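Before I ask anything, let me first share the structure, which is written out below as structure tokens.
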Amino acid sequence: MKHANLSVALIEFILCFLILYKIVSARRGAELFIRKIPGLQAIDEAVGRATEMGRAIFYSPGIQGLNIVGLQSMSILSHILRLAAKFRTRVIVALADAVLFTIAQEVAREAYTHEGTPELYEPQDIQFLSDQQFAYASASVGVMTRERVASCFYFGNFFAESLILAETGHHVGAIQVAGTPETAQLPFFIAACDYTIIGDEYYAGSAYLSKEPTLLGSLVGQDWAKLVLIACVVLGVISVTVAGISGGTALGAQLGLDRHWPAALLKVVEFFSLPVGG
Amino acid sequence: MKYLLAIQTIDRRIMYLLLVVVVAIPMFVRFQMPTVVNPEVQGVYDTVEHIPHGQIAILTGDWGAGTIAESQPQTAALMTHLFRRNIPFAILPFAPQTSTLMENLAEKIAQKEGKKYGDDWVNWGWRVVPLPSFFKGLGKNLPATVKQDYKGVPIEKLKAMRGIKTIRDVGFIAHITPVGGISDLIAFAHEAYGVPLGYAPTAVMVAQGYDPLDANQIVGMLPGMVGAAQYEKLLGIPGNGLRWSNSLSFAELLMIGLVVLANAGYFLSRAAKGASS
Amino acid sequence: MSTGLALPLGAFFQAQPNHKLNALYIAGCLFAGGLFIALLTQTPKRFRKPLIVSATFIAGLYFSLEFLLPPKATAETVLASHSPWNRTMSALFGWFLRPLASNSRLAPDENWLSLYLENVNTVWQVIGAFTFALGLWNLIHLHFRNVVHVTKGAFASSFFFLGLAFMIFAGYLKQFSGIPDLFAFATSGLFFQLDAAMFSLIAFFIISAAYRAFRIRSFEASIMMAAALLVMLSQIPVGAWLTSWLPDHGLLSNLRIERVGQWVLRQPNAAAQRGINFGLAVGMLATGLRIWLSLERGSYFERDV
């Protein structure tokens, strides 16, 4: 799809409006509720365990570069780094993208400064390992095994390397928390990790962890946006079914339904049945 | 009780050794297990079978040596089919390794099928281009966008590319990949220009392919090595896909066996505990 | 918006191998890039955040508008149509649609902003190319430190330098001396094989992970295991063989393992994937919106940089 058609533009506008509206109301002090997400709650537990054991934490933002998923991962990393800085626990960040690497360095520097421990920031712990999928996996496995990490976090885009990382983490006895928008990799993380964040919980991460009003508002806005999409799906199914019965099938024609539907309803049908594309 | 606990806690090294054995045996003992062709594989085959002469196919990919066991048989089956139908194809690699691997494979199959580089296939070479603008360029003026092949020869001079002006002269695109990425091709090739798409992911990425398949955004799919084996069966050429899928079958049977064993141990030990308490 | 700017810009961004002014272009670009970076680093702190916010907003605005504004073909259709809806649209937005429809430089699927898409993408690639050096520098820095301080990974790190030197030497031989054997050995002989070996580890790990994870501890776990076993069996010849005694057609044929596996993949799996994807898409939209409008209170936007 190269350009938005009317349906797409309108739906996009409604979704953006809902998200922004909820952000504004949250910033003005509206009380917002979000449910418990066990995987995200486990982050504190995993950091605590690393502190108790006096071992390092391993963090991987996946093998893709600077995109929305990567930025969200940096946001979660920031929280983990601050938490770790409080307990003076070492965090090793393994990166496969040079752009994300520079951002991770900046995030780490700021996280330690924010917690009043800038001296703990160790540039060597933010490592660019390789931009090759399995070279990255191999190097990460090496780091995890040599450092005998106590906790592993995987937040980002993962592909075939997901199980290599997660199983190695399990073998070194680490507590593991994972989250990825790559649905094909979820089964591997579920099988090998202690906690896995599924689907859009990944994007709820920074809001849930920071309780920042802007992010909380955005999260609630997302839920409203999803309700709109569900309504669209239901209306779309009804519209297409109606269109099929009334005009598109022999049965519809026999029953004369195509002549009886009001013009306004046919407009709705047309709107929801529009093909995608310019 | 001791045995019940033991089958629930088998040392992983024993499991790994068993895996090596079951994977290796079918490579030395030649036999062929029955293969059933799935509808998604048939979909790709039928589309390739109906590409009109005068159009080309594009084989895109970003696979490397890591996934050679799955991606190579998939690519080989598609190339063989295209060669046999005398449909020229272009290799469009999105990773430097893929260019070498796909080119070497095409050379090898071409020797068997009596085909020639430039006449029956071309390699556009590794592209570090954003997909939207590249496909947009193909939609406007394909030769001007591609410019030259991987050897630096202007593509207008290659017989396979004669008469190919825009992406509308492309009858089929297959994406062979270990990392997904079909959604980009759906957006910029299928939705934008209506080019039929085939998807050949590795087995670990297969689950994602059923959504676009169900929505008719792709014509079919070769799911991992099994997909390649089924395609080879349709072509009537037993290749690496069929041969290696025997190992895969045995490995999966081992996995199923181990899972069943562990669960049997779990249940029996629970029952024994219940009886003793 | 003037479209006259597109041609010279396009010509500037177009790669022209062996052009006589190429050396001058490269030197000029390096100078301009250096100057730009120097200016950025010298910018007073209080101006940095507004600078980042503005740049992010303008870039996001460009991509949003390029996507949302209609292309030439839509403008032509609306103007030519006599339906009440399109006549209303023409009356309201004719000032915008007419010049769009009559612009001869635009392809049917383009609007004015589409003309610059390729140039914008080129800029992105150039920025990306700079980071390649950054990645290499970090690798050298990290492994050099490991070797010098004889850390736990010193031995592995020394292989980085060996590999780097070897690949440079092999590449040099292939490019300038026409001896490809060493390069082929390094790539096909070493790198490709190591890569394949790493991928093959997944097979081992899948066995141990499945063995450990698939225990029928609850009802949900039972469903998950049953689905996994069915799909696994449906993908291999043995599965098909197990139920091959069932008829090919008719009601009972639906119980053949390969068909049950297909049903699991095409119905419940596709539905679940789609549901998750809806949530992910909305999440991505919300995150994108926050970043575009600099509402994100993450570490990279919150404080002075």
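We call the chains A, B and C, going by the order they appear; numbering starts again at 1 in every chain.
Throughout what follows, a contact is a pair of C-beta atoms (placed from the backbone, for glycine too) under 8 Å apart; a residue touches a chain by one contact, two chains touch by 3 or more.
Keep in mind that this is a model prediction, so the values were computed, not measured.
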{"item": "Chain pair with the higher count of C-beta pairs in contact (A-C, A-B)", "value": "A-C"}
{"item": "Most distant chain from chain C, judged by the mean position of its C-alpha atoms", "value": "B"}
{"item": "Chain ID, smallest distance between chain and overall C-alpha centroids", "value": "C"}
{"item": "Distance from the mean Cα position of chain C to that of chain B, given in whole angstrom", "value": "20"}
{"item": "Distance from the mean Cα position of chain B to that of chain A, given in whole angstrom", "value": "28"}
{"item": "Inter-centroid spacing, chain C versus chain A (mean Cα positions, whole Å)", "value": "16"}
{"item": "Two or more partner chains touched - positions in chain A", "value": "2, 132, 134, 160, 163, 183, 187-188, 278"}
{"item": "Two or more partner chains touched - positions in chain C", "value": "109, 114, 195, 198-199, 202, 206, 208, 210, 214, 273, 277"}
{"item": "Set of chain B residues in contact with two or more other chains", "value": "12, 64, 66-67, 132, 136, 192, 204, 206-208"}
{"item": "Chain B partner contacts - residues on chain C that touch it in the complex", "value": "107, 109, 114, 117-118, 121, 124-125, 187-188, 191-193, 195-196, 198-200, 202-204, 206-208, 210-211, 214-216, 225, 229, 232-233, 235-238, 240-241, 244, 258, 262, 265-266, 269-270, 273-274, 277"}
{"item": "Chain C-facing residues of chain B, complex", "value": "10, 12, 15-16, 19, 23, 33-36, 38-39, 64-69, 97, 100-101, 128-130, 132-133, 136-137, 139-140, 192, 203-204, 206-208, 210-211, 213-214, 223-224, 226, 245-246, 248-249, 251-256, 258-259, 262-263, 266-267"}
{"item": "For the chain B and chain A complex, residues of the former touching the latter", "value": "12, 64, 66-67, 132, 136, 178-180, 187-188, 191-192, 202, 204-208"}
{"item": "In the complex, chain A residues that touch chain B", "value": "1-2, 132-134, 159-160, 163, 171, 182-185, 187-188, 276-278"}
{"item": "Contact set on chain A toward chain C in their complex", "value": "2-5, 9, 12, 15-16, 19-20, 23, 68-69, 71-72, 74-75, 78, 97-99, 101-103, 106-107, 110-111, 114, 124, 127-132, 134-135, 137-138, 142-143, 146-147, 160, 163-164, 166-167, 170, 181, 183, 187-188, 190-192, 198-200, 202-204, 206, 210, 212, 214-215, 218-219, 221-222, 225-226, 229, 278"}
